[in-house]
Structures are given as C-alpha cells and as structure tokens.
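The next part holds the structures, each set out as structure tokens.
Consider the two complexes below, in which chain A is the common component and chain B and chain C are the respective partners.
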Partner chain A sequence: MKHIRCWLTFLLLSLMACCPQSFASTSPTEAKKWALKAEKAAYYSGNTARSQVRMMIVDGQQRKQFRQFTLLRKNNVENADQQMMVFFSRPAEVKNTVFRVEKHAGNNTTDDRWLYLPALDLVKRIASTDKRTSFVGSHFYYEDVSGRNIREDTFEIAEDKQSEVSLLATAKLPDSVEFTSYLVTIDKATFLPVKIDYLDGKGQVYRRVEAIETKVIQGFPTVVKSKVSDLVTGGFTLMEFRNIQYELAISDDVFTERSLRTPPTRFLK
Partner chain B sequence: MHFLFSHSKSVITAIVLIVLGCAWQLPQIQIDTDPENMLVQHHPDRVFHNQIKQTFALKDVIVLGISVDKALFEPAYLADIDAVSKFILANPHVVHRDVLSLSTVDNIKHIDSGTLRFEWLMKEAPDSPAKAIQIREAALNIPLFKNTLVSGDGKASIIFIPVTDKQKSYEIAQVLREFISQLPSAPHWYITGLPIAENQFGVEMFVQMAISAPLAGLTILGLMWLFFRSISLILAPMFVAIATVIITMGALIGMGFTVHIMSSMIAIFLMPIAVVDGVHVLSEFSEKYDGNSDVKYTIALVLKDLFKPMLLTSVTSSAGFLSLLLTPIPPVQIFGAFIGLGILVAFALTLVIIPIYINSMSAPSLQALHRIHTNKGAIQHLCSVIGNLAMNHKSVWVGLAVFVCAMAIVGMTKIQVNDNPVRWFKSNHEIRIADAKLNEQFSGTYNAYLVISHTGKRQSVAQLMPTNPPAKLKPWIASLAEDISLPSLLNEIEDQLFLNSIETEQWLLEFAHTVEQAIGSQQIMLQPDVLKYIDTLEQALEEQAFVGKANSVIDIVKLMNREIVSGNQSDYRLPLRRDAIAQLLLQYQSSHRPQDLWHYVTPDYRQTLLWLQMTSGDNKTMSSVKAFVEDYTKTNPLPKALKLQWAGKSYLNLVWQENMVGGMLESLIGAFAVVFVVMLLLLRSVQLAVIAMLPLSISILGIYGLIGFIGKDYDMPIAVLSALTLGLSVDFAIHFLVRAKSHLEQSKDIQATLEYMFTEPSTAIVRNALVVAFGFVPLLFAPLVPYITVGFFLAAIMLISALVTLLILPVCLHWLHHKTTRRYEGLNYETH
Partner chain C sequence: MRLIVLLTLFLFTQWLNAQEMAESADSVWEEAWTDWEDDSTLNAFFEIGMGNRFHRDPALLQAATMRDTRLNISWQKALDRISMSPEVELVHDAVTKKFTLNVRELSASLATFEKADIKIGRQILTWGVGDYLFLNDLFPKDFQSFFNGRDDRYLKAPSDAIKFSYFHTLLTLDVIYSPRFEPDNYINGEYFSFYQPAINGNTSTSPHVQLPNGGEWSTRISTQLGRSDIALYASQGFARSPLSTDMQGAPAHHKMKSIGLSVVVPSSVGLLKAEYSYYSIPRGQALISHPPNESRWLFGIDTEIATSLVLNLQLYTEQFHNKQPHEANNVAVSNRWLLTTGLNYTTPRQYWSFKAFHFYSIEDNDGYLRLSSSYKFNDTTSITTGINYFYGKKPTTSFNQFEKASNAYVRMRWYF
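Let's turn to the complex of A and B:
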C-alpha cells in the first residue's frame, strides 16, 4: 500500500511545499528537504479522499454564516495533477451548486475550473488571473482549497526547533500575490503544517492559517479543523472536516461534467 | 460699594486670578466639526445612522478625483491613478479592503466559450493605449462603477478612500496632496469628502478665532476712540470685554465642552456686548462729574441711576441667548448658554471693575473725562437729523412700518429652509471647486441610505421543534439557548445528526428541515418579489432631480446574472427565483472583494441598504427625495413585514435642520415672552411694553421678509439670529423708553420730552448700535460663509432696529400720550 496522507493536509501543506528548483539563501538543502517531505506527504498520499466540510465564516462583527459541502478528490497516478469536486449542501438555496477542479501541478500551468449553478441550470468555466480570490465568501482563498502551486515560491529555513521547523517562503512573482512572504511551521513528527503566517510589506502578520485539531484517520495524521484569521478585521473562517475516508473506490467518471448535474449521491451521504 | 473701594486691590487680584485660571483652560480646546453632533448623542436618527454604518461597515470617505479635458484612459494617466492607489494602500489609516479605485476593484466578466472570469480591473497600469481603452470599456460596462468610479464620458475617475479614523483625514489628505503634486497629472486632481471638509472647518475656525475676534476687538477699540477720544476711558471697558471672553471660553473649554462652529463665535459676540455697559457708566459719570465733586459719591449716584436699566438690558440680552437652549441642537444650546452667562459675567465685571477703575484715576484723567462730555460730535448731529425726520413725518413712518410688516409677511411665506455644510465654504474654496467638478461629472458625492429591514419575528426554538422529541435528545434540547441564531441551531442539529444514532435521525432531519425553512422565510432580501419592489423603487428614485444613482444588492444580482448567463445586456435583470439569486450572490463572493456585498445587505439577508448618490448636498434636495419616497410607498405599499428608514449624512443634516426650524420658533417665542415680561416689570404698563417690543419686531420681520424675497436660504446662522437679536435690539427700546418716561414724568410735555430724547439719549443709543454693529463687521472677512452671514445680518439688524427705535417710538409715545390725556380729560369731564 502506498504511503497515504490525508489530502486535506495537502491543502495547507501545499502552501509551503518546496519547489525542487528553488534555492533558499541560508540553508537550501535543509529547507528543500523539509519542503520535499511535506510535499511528498501531501501530494502523493492516497488515490482518493472524501470529506464532509462545514465552514463557519465569522466577520469582524461576529456575524456568522455557514457553508456545507462534500469534497471528493482523486490523484492522477502519473503526475501531481488532481481532480476535485465540491458539492454544496447548505445553505439550502445553494444546494447542489458544484465546483469541479482539474488541478495541474506542472510548470506554468493553470487549473481548469468549472461551476454548476442548479437554479440557472448553467455550467460555466471559471477563469481567473490569479488564485487569490475568496472561496465562496470565506476567508480562505480558492488557492488555499485547491493548493498553491509549489513552483511559485522559494523557501528558506527560518527556525529549526526540536519538534517544529519554520520555513520562510517568498513568491517568485511578487505581483501575483497580496503577501510579501509567509512563514510556515511544520510539525516534525507528522509533517503537518500547523501554522502559516502571512506577512505584509512592513513585516506585519495580517493573515494566519492554523491547524486547530488533528486526528489520525486510517493511520494518517489529518487536520480535522483548520482556521484562517483576518488579523486586520478580526474575522475568521473555521473549517471542520468530518466523515473523512480515504481510498474509496471513486471512478474517474465521477470527476467529469456529468456529475455536475447528476451528483454521485452515494459519496455525498 | 464701600467694600469694593476698601478692598479694591484684593478684588482686582481675585478677578485677575479667575481670568488667569480660565485662560489656563484655553489650550485644552477641542474643536468639533462633525455635523452629526448637531443632534444629541442618543437622538434616534443618529443612533440608527451609526448602527447602519456599523452593520454595513460604512466608513467616512475621502473622495479623490481626477478629471481631464480629453481622454483619461491613456497609459500615462492610468499609471498615475495606479501609483496614487498604491500610495493610498500603503497608508495605515486607510481601510485597505474597502478602497475603491480602478486598481482595487474586480472585473467580473463573461468571456467567450461560456467562461466567467474574475480579474482585477486594472492589475497594473496598461502599457498601450488599446489596453487603456479596454479598461475604460470594462469599467463602464459595470453599472456599479459607471458614474461612480468612472465618469460616463471617460474623462474622470474617483478614488474612494475610507479612513479608519476621520481625525487622521487631514494628515492623509496632506500626504496625498504632496504625493500628487509630484505627478505629471498633478493639476487634474481634486480632493473632497466629508472628513476633509470637517477637518478644513476646524482649521478655518481657528483662523476665524485667531483673526476675526481680535480684529473685532480692535474695531471696537477704534470706534470707541472715535466717540470718546480718550484711551484711558476706553481701556476699562476693553478689559471687561477681554476678561469676559476669557472667563466664558475658559469655562466652556474647562467644563469639557467642544468648540463647534457656533461656539467659535462666542468671543466676537461677547466683546461688543460686554463693552456697552461700561460705556454707559463712563458716559453717565462724565456727565455727572463736574470736575470737583466726590468721585465715590458720583459713582454711587451713577450706579443708582444705571443699575436697573443695565440689569434689565443684560437680562433681556441674556434671555435672548439662553432661549437657544430650547433648540434641540447641542452646539446651538452651548453657544446660547455660554453667551447668555457671559453677558451676566460682563454685567457683574462692569459693576465691579469700572467703579474701581474710575476711583483709581488720577485727577487730570478725571478732568479729561469731564471734558469728553462737553464735546459734541457728528453722532449728536446725526441724532438731531433723525429727530427732525421722526417728528415731522410721523404718518410716513407709521405707514412705512405697516407696509414693511405686510410685505415682510408675504416675504416670509417665500422663505426657503435649506442648508448645506459644504456651502459653508466660499465658492472659490478648494473643496467647493472639487465638489462642483465631481458632482458635474459623476452621480454625486452626497450620500443618503435608504434602509429596508425585515420586521417579522422569528419563531422560537420550541415552535420550530417537531413533537415528541426522542428521550435521548432531551438534555441536548435543554441546553439550547432560546436566542440561538437559526443557522447556529441548524449547526447544532447537524452535530447531533453526526453522532449517527438511528433512533434520533428521523426526528433530527425533520427538525433541520423546519429550521431551514424558517431561515429561508427570514432571508427576505433573497425573495424575488421584495427585490423586484426595491428595483422599481430604485429606478423611480433615479428619475428624481439630483439623485445621480441608487446602488444596491440588486445591481450586484443583475450584474452576476448578466455575466454568468450570457454577457449580453438583455440578461442584466433579476432572476425570478430565490435560489438563483442566492447562487449568483455566492458566486459574487468568489471574487477578490466578497466583502463588498455586505455594504448592501446583511449576511442574514434581513436588511438591505440602497446607497443614494446625490449631486447636491442641499437639505431641500434630501427633503424632496424623502417626500418622494413617502409618496411612493403610499401608492406602492411596501411588501409585508418590511420597514423603511433613512440614514446617511445628508439625511442627518435634514433631521437637525427640521429640529432647528421647530426649535427656533420655540426659542423665538421663549425669548419674546421673557423680554416682554421684563418690559412689563420695567415699564409697569402693558401699552408701553407692547410699544417696547415694536421696533425689534418690525426689524426682525423686515429682515426675514427680505430673506424670503431675495431667496437667501434660511439656514443655521440665519435661524440662530432671530432669537438672539431680539434680546440685543430691545436694549435700544429700554434705554429710549426708560429715559423718555422719566423725562415725561417731570416735564409733562410730550413734545419737550421727544426733543430731549434726540439729544443725549439718542446719542447713546446710536453709539451702542454702532459699537455692536461694527463689532460684527470683522466677521465679513472670515473664511467660512456662516460667519459672514452672521456678521452681515447682525450688523444690519442692529443698525436697522436702532433706526426703527428712533423713528417709530416717538410716534407711538406721541400717540399714547394723546390717547391717555384724552382719556383723563374724559374722566375729568364725567366727574364734573
């Protein structure tokens, strides 16, 4: 059996995973080593995964909104590409809205994204010049959910402690992102990224992604609760993952346009 | 009196200490330029306005515009806009996420092959003219941006800069001006917006207080020198005036009150008023002192004569100002209260300082004082001319007075109640120019918010719950808070379902279903019929004069519908399904700026806001828009369980204006009543009291009639004038009648009395009128329009009411005397 990690950890890990071509200034080999471990754990773990996700979006005024959806994911066996489906179940009026993503991890590639709106019975392809758009109004960016392409950043070790290691990442194309750099802390035992701090031009942390709760599921450490905070407004989004299952036999045709209009209900229960 | 003279040194020391103590408070001055403070803190409309600002995350906004003669959408200009935008985003006092600029907004666009694209409208400045044109087309294609962010003709663009703290807006504006001055496009930029205007007010109020008030002091000093030609004589009243101003302002600041535009005029009001009593005492002393008599005795004699009229004129003037307390506008109340008290302070200081001052004068100075009395001046000559006119053309003056009153009533019906804080700046002011320019090219920089809220009550947890809950769930049910929000309740139910118990599942699913339905029925702003209603209202509003545009969540829904469905304008419409609306809005939230949605609707979809952009900040504009909406909702009733309320600065301005108009009437009636009662007590005759009220009534009527005829707006300064001039101008009548009455009692000859009245007494009245009127003249050179208005009208009312006193009162006295004598004759006849 392949070494499988929860694909959900990849969600966070991808943000700090190291590109093979990048060389950090202080300790490139060491940073690369950690990033590679994290990348491997995240990208190449498991063929399929399923999770029921609940997002609680809390704004600066403590007003709450909820979103609920099921995530299906399947890895491409040959490369780092992935297929994803997001089926919304709540709020009731957006039920059956579906996102379909074909994530391409190659050099200079963009993901393919589609959207299905049941009320209008319309399938749309979504194009975006960048991936830093909000994921359905939450504090997570689309990129936080689909995974930031690791080739876009360079890494160096910021701090190496007994149980954790911190990598400082900078975007190769600074104009494509709103942050100046980010600092990701990786748990040495699980390789899970437990905290990512985004820094602005003045070196201030303005955004934070944290793993709030991790569990071992089917033998693998898994983030079951993560939180992204907007440190400027005080708003945050809490994401809870439930009913996590790996290695479900999900056939390829589930990840096609056909599922947009006819969701694979047996995976959504 | 004896005490005063024996302890003069300690008394003066005490006064000086009080003045110094109050002066010490002055540096703590806090300027208040927020028009919101025209309403009390807990005023329902103000509370609601602030609640709406909080709910919809609306901040005070600096408006920065660029406007060029030809095409703005050229790489060079756009590069400057981009540079300025980035510079703004680097400012820590700016709310970054809400800055609206070509560089910070999203372009949500339907492109070929059924693709929806989210992209920054102007990620970076374009490098070719063709790309610049593309940006223009994209911006103008989004109705929310057209004429708000970019002018329809493509020649101008605005950057909206929300600030975290409006106290910082002057600072922000300064660094912006500096940054812009280095750009090639520098001459084309304009800056305005309420926080800027407010800050500018503050700066110019200081200018007024630092320049106009001392200038008023100098004018009074010069005028008194012309009258009395003796520096030593006028020094004491000047000291009284300055001490009064310092004590009053020190007390106001020391007691923690802020200085508003009205209070900033306190010095200029108090100075001439404070001087007047001193002038009376000195004049009277110079008249009674023959060069050899005992100084203390003469002073006592003078005060015995003058105490009552001085007290009464002080009381009436004070009452005029204190009546402003009846106006429910805090800054006007503070202004009225402190000037009212200041007048009493001036009265007390005059009684204490002037006698001590005279007593301490050297013999030669006293001789000089005596000589003043014998000087005849131009004023006396003027008075005899007025006297001749008054006495020889009585019927003309009566006729004229009646005519003026009649016309005034006609004029007053034409009075237009209106105000506009931006117009408080002169028309050539930077802010007025920017304001005019931007409102000509855009949908408007003046904001009002029409808030529509759901009034329906939500069901309680118990009401939503299916019957017969499983026993296993009882502890959980008991733990549910009664006020839990419905989405949170749904979450709780989900959590229970997640525990995977077969016996509870069915019940929980049913519960979840009812809660979901309840949530749906609460989300009123997702319902097509409600949105349809708001849409029609919005379109009707946009047809109103001065309403440039109404923006709402509907514009977002329509935009999303168009871009998702086809990109064709024919799809720029509201879908008729609730779920379609919700799904479009969910997609809108997948942009770079999801938070923009919450400026128009609350996340629970129970309250929505229409942002009205108006090209005029006139209260009458707001008033007509409000009236239009009232009429509209009468003919087109609001959907069930909805209520409509107003917020926004333009609306608040209207509210305090309405308060002011009503309040001023009360103030005027209050002041009139107090003054009339004082007159009754003083003159002990109803007829004389009525006569005493005539000149000022005619003057005030005349002035307000004139305002109606010439079309000058009845604004805050004009409104405030009425009550306080009543208190000031009655002084003339008091002096005239008191002295005429006492003369008549001795002479029994009305003709002789009136002739006497046009010598000494009229001279004093004209002098006082000139001192007060000219004291206000420096206001004409003030930087803000309300000061000029107050200066002009107060000076005019003072002069006119003095003139009316001198022309009308003789006629009235003459008539009254004849009537009384005839009656006495009649009585005599009957007793014979």
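Let's turn to the complex of A and C:
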C-alpha cells in the first residue's frame, strides 16, 4: 500500500511537470492576472493619450453613418480612475460638441458625464446609469470605449496556446448585463485583447469585438483598427485610430469646462 | 405647393445621397483624413419648415404657424490664442412676410491670459440646470420659436456681450456685460394671440414697448465639490418681458436684480438637481405698477429608466413676496406651481429619436404638451415632425390662453 501511494504521488508530480498550463488553467488567480494585463494594455497605456478616431457604422440594412472625433485621456496615478474628453467633428450635426467623462473604476460607481452643446453654449450634465448603451450610435458601447472594470467579472482560463490565451468571463451581477458570458482572447506578446465573443444564454456568440490591426507606438502596443459586429442583425462598426500620441504633458485643468468651450488645440493635432 | 417642393427636394436629395453612397461606400474608408488638415471649416444647412394651427383663431387671420425657409452658415477658425465662430442665417418667414439676415453668433474668443478667456461679440448665453425652465438664466429667449416648433436651439436668442471667464483650480468665474438690452421674443401676436385682461379675450395686437437704456451684468461662480456641480449666480439688468406699466400707462421693462444658486448631484437613481433664484425690484423706478419681488425654486431628477430612455421630472414654483394690499404699485400676480415631465428616447443607431415634454400648472389645471419625432435618413438629411398642444379649462390661464395656438409642424434639414 505504501508503494502504491509513492507511485501515485510520483505519477501526479510527473503529470504536473509535463502539463503545467492545464493545471494552471484551473487557477482563477492566473486568469485574473491575464485580465489585469489586458486591461492595462487596452485602456491604461501611458499616463496620457491622444488619438484621432473615425467610425463607419453599418446597420443591418447596410446603411452607413460616419463619426469623427479626437479623444484625450489621462489616468489618475493614485487609482484606476480616468478622465476623458471627446471632441466631435463629424457629422456636421454634432460638430464642436464635446463629451467629457470622469471614469470611476470603483464598483457600483457610475461615471460622471457632461455634454457641451455649442449651439446653446451650454454644459449639460448627463444621467449615465448604463455603460452598455451605444456610444454615439455605433455598435461600440460606452463601456467598450472607457473600459469595463474587470472587478465586475470572474475569470477562468478557457484555452492556453503558445501565442494566445482565452479567458471565459462571467459577470458577478448577471442582471446588470445582457450577456451570459464572454470569451476574451489575449495576445501573449502584447497583452492586447484581440477578440471578445459575447455569448447569450444558449451559448451562441451574438456580438464580437475584434482588434483588426495593432501597432507599437512609443513602445506601447496599440489597437489602431477595431471592429464590433452585431452577429444577429449583421450590422457592424469599424473604428480606426490615427495620430496617436502618449505621455503628452496634459495637466488636470485641461479636463474642465474651459476645454469644452475652447478645445485645447495644442493637444488635438 | 410648399409640400410639393418639399417632397421634390427630399426625393432629389435621396437620389443624390444614394449616388454618393454607391460611388464612395467602399472607397471612403481608404480616403485620406483630409478633414483634419484644415484649421477652419465651413458648415451649412438648409431647412424648410411648415406648421398649422389645429383650430381657427378669431384674433388671427392666418392658419399658418410656421412657414420657414432657412439657410444657416457657420464657420470656425481657431488659431493659437484666438478663435472665431460666426453663424448667420438667411431666413424667409412667410408667416410674418419677412426676409431677414439673422446673426446668431459673431464673436471672437481670446485666450488672453493663462487662466482667463474673453469672448466678445454676438453670442448665445446659457446657464442654469432647468429643462425649459429658467431661474438664473435671464438671457434673451425666443418663445415664439419655442411654441411654433422650430429647433430647440432657437429658444435661446443671441445677444451682444463681453464674457470674461477666469479658471481657477477650485472654481470658474464668469462675468458677462451686455451693453444693450435685448428683450425676449415673447408672444406678441405675430404668430399667436395672447390673453389681454382689458378686453377679457385674446388679441394679436401688441403695443409698442419702449426698450430701456443701459447695460446688464450677469455673474456666475461654478465649482465641482466631490462629484456635484455647484454654482452661484447674480445679475443686474431689466426684466425680459414688459410686465410693468410706466408713467404713460404703457408696458415697460422694469429694472431688476437677481441672486441664486444651483446644485447637480449624481446618485444611484439618476441626476438630482435643484436651483433657486430671488428677483428683487429696486424701488424708485418711474412706474405705475410692477410685479413684486419673487423667489423661484426648482427640484428635478434625470434618470435613465431603460436603455436609451431618459425620464426627466421637475417641480417648479414661483413665490411672490410683498403682495400686501398697501403695495398699490404691485401687479396682481399669484404663486405658481408647475410639474414637468420629459421623456427622451433614441434608437441604438440614432436614426430615430422621440421627445415628449409636458408642462402642468397645478393651480390653473392647464398645461402644454410638446411631442416631436426626428428621423435621420443619413448623416446629412433629417425630418422632424411634432405637435405643440395647449389645454385647460379657463381661457385666461397661462397655458390655456394659447389653446388656439396648438399646432402641428414638419421640418426637413439638409447639411452640406
């Protein structure tokens, strides 16, 4: 009996030595580490960032709309909060409209949003309880643009390849989201999420977010072209970034009412 | 005839847009981002609007409440420390039979100092937290445009002003000086009749009103405390509507001062907002009668009750002071309570939006309902239809006096 226990122990240790990932895949800590790295790579590269963005929104009937704006972002060095401003230039109807967000990464804390309406010279505070609503009519949600707080989900490793790892995530508060779970594929070299598949109650993928093209800019791996697809209607939105710059010397007072009325052009070009 | 023109223009633009989309639908994503290379940009839209009242108004001959043909041109030029943003409109109004050049904005913004900006010229000025209710926003309004279905932007009328803004880490100070008084475009009979106590009925005849001479000052200090927005207000100027009577017995704009404050607080149920203002009428004015001093209160909440569906509720009151009988020069007024309900919905791709807003006067038991629906055919073409409906029991009350003003309208806009 004692010999059998020794052999079984030896066999178990051998198996662990051969296949470390399969055992590691059951560890939520390992999965959380990947999720943290992906969140940092996708939304927290550089303390500040500026990018010019354009979107092509195609609905299920193949009708097209276009959006163009410039995005400014600054991280709070003490926590995961962020400040963002979106300066719209297209379509003409929203030209010079500015959207300001103070993202609060804490649980159960909604973001603070303001909208500047140039025709009225009015800064209006906006009620913002649901982050999973369309961002400016596109298939991207506000949460896709500002980042979903990974503390709201639990993660486990679904698949571990040499170059990619896939995490299966479920929301801690299922009633707060429309998905049952999502599968996020992370590039091990860049830590960027390259694909996110959202699954419904039947296990069918109904929505997909993809990084179409990535580049390294100032040492930061960056998604420069992405796509969100509504697999139910056939609609999608293509988003393209250019003129990306990190670590701009943007002070906190740029993210105030003054910039809504008088955009800081020195940071927008 | 106008409807035929509207339909023809619509079909033509749809054909044009289809050609543009067919030719460039796939190529547009490969085109250069030329929009970003130019510091100055010219924008324009063309709009046709038509509206008719539901019922004949004996005080007004025309059934038309809106017959607009409008060309709006705006231009932005931003240099290092100065930016300019002129906006002009050529408008043909077949109701008033006028062809006008409206200058909505002709100003220059100067980033003169590191922490201060100055904006000089004709501009739209807005502050306060109410939706369609104004306590500390005493800048000129256009209520005729509000009632006849023009775009919401036209509720705010432009004024000539110098606006100085100082930006400190802890607060922002705005000081506005308008050298020339500009009244509200109140209901004066051009489009809608109004109740006249002297004849105990509605009239479309408005007497000439002498405008006061003198400048006006408005000030606001705003700050963010935690996640809440707080502002203090003060102003000195004249009442926008001629609510007083001068020594010749004519309507007059009395001098007035105001102070106030507003707060917006985010909560788990939505945005909570409150605003207060106090209007005081300085003594010693050459007036036979004037309204008494007044306090206005507003409490409201904005909340998203479903995806892209926002509900707005407001409770508003006007409380008059010094209404004692011995105050012989006070205009007879009564306290007022309003309950407003607003709903805004936009479809996910923003092709269609729906707005409803209802004013209800609790003591008068009358109200005003605004419904509008907008549909975007594409990024450049949209159509808006809507209804303005006034109701009540007595023909003399604030809203129901405009019962014959109830109207429906349609507007089409093309950006190019």
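The criterion applied here is as follows: the second predicted complex is superposed on the first by the 236 of 269 C-alpha atoms of A that agree within 3 Å, B and C clash if a C-alpha of one lies under 4 Å from a C-alpha of the other, contacts with A are read in each partner's own complex, and residues count from 1 in each chain.
Keep this in mind: contacts are C-beta pairs under 8 Å (C-beta built on N, C-alpha and C of every residue); 3 or more make two chains touch, one makes a residue touch a chain.
What you see is a predicted model; the values in this text were computed from it and never measured.
Once both complexes are superposed on chain A, the partners chain B and chain C clash. Once chain A of one complex is fitted onto chain A of the other, the partner contacts of A:Thr262 are limited to chain C, with no touch recorded for chain B.
Contacts of A:Thr110 after superposition on the shared chain: chain C is touched, whereas chain B is not. Residue contacts after overlaying the shared chain place A:Phe135 against chain B, while chain C stays out of touching range.
Contacts of A:Asp59 after superposition: both chain B and chain C are touched. In the superposition on chain A, A:Asp253 contacts chain C only, with no contact to chain B. In the superposition on chain A, A:Glu78 contacts neither chain B nor chain C. Within the superposed three-chain model, A:Gly201 lies in touch with chain B and out of touch with chain C [touch as defined at top].
Of the two partner chains placed by the overlay, only chain B lies in contact with A:Thr97; chain C stays clear of it. By the touch criterion defined above, A:Asp175 lies against chain B but remains apart from chain C after alignment on the C-alpha atoms of chain A.
Across the superposed pair, chain B and chain C both touch chain A at residues 54, 56-57, 59, 63-66, 68, 90-93, 95, 118-120, 122, 125-130, 133-134, 136-137, 242-243. Looking at the complex, you find that chain B touches chain A at residues 54-55, 57, 90, 96-97, 111, 113-120, 123-124, 485, 487-488, 490-491, 494, 498, 516, 519-520, 523, 526, 564-565, 575, 577-584, 586-587, 589-592, 594, 597-598, 602-604. Considering their complex, residues 54, 56-57, 59-61, 63-66, 68, 90-95, 97, 115, 117-120, 122-130, 132-137, 142, 175, 201, 232-233, 242-243 of chain A touch chain B. Against chain A, in their complex, chain C makes its touches with residues 21, 25, 28-29, 33, 35-36, 41, 43, 45, 76, 78, 80, 83, 85, 109, 111, 117, 123-127, 129, 153, 156, 165, 167, 169, 172, 222, 227, 229, 264, 266, 268, 270-271, 273, 302-304, 307-308, 310, 346, 348-351, 378-380, 382, 415. Of all the residues in chain A, the ones that touch chain C in their complex are 52, 54, 56-57, 59, 63-66, 68, 89-93, 95-96, 102, 108, 110, 112, 118-122, 125-130, 133-134, 136-137, 235, 238, 240, 242-243, 253, 256-258, 261-263, 265-266, 269.
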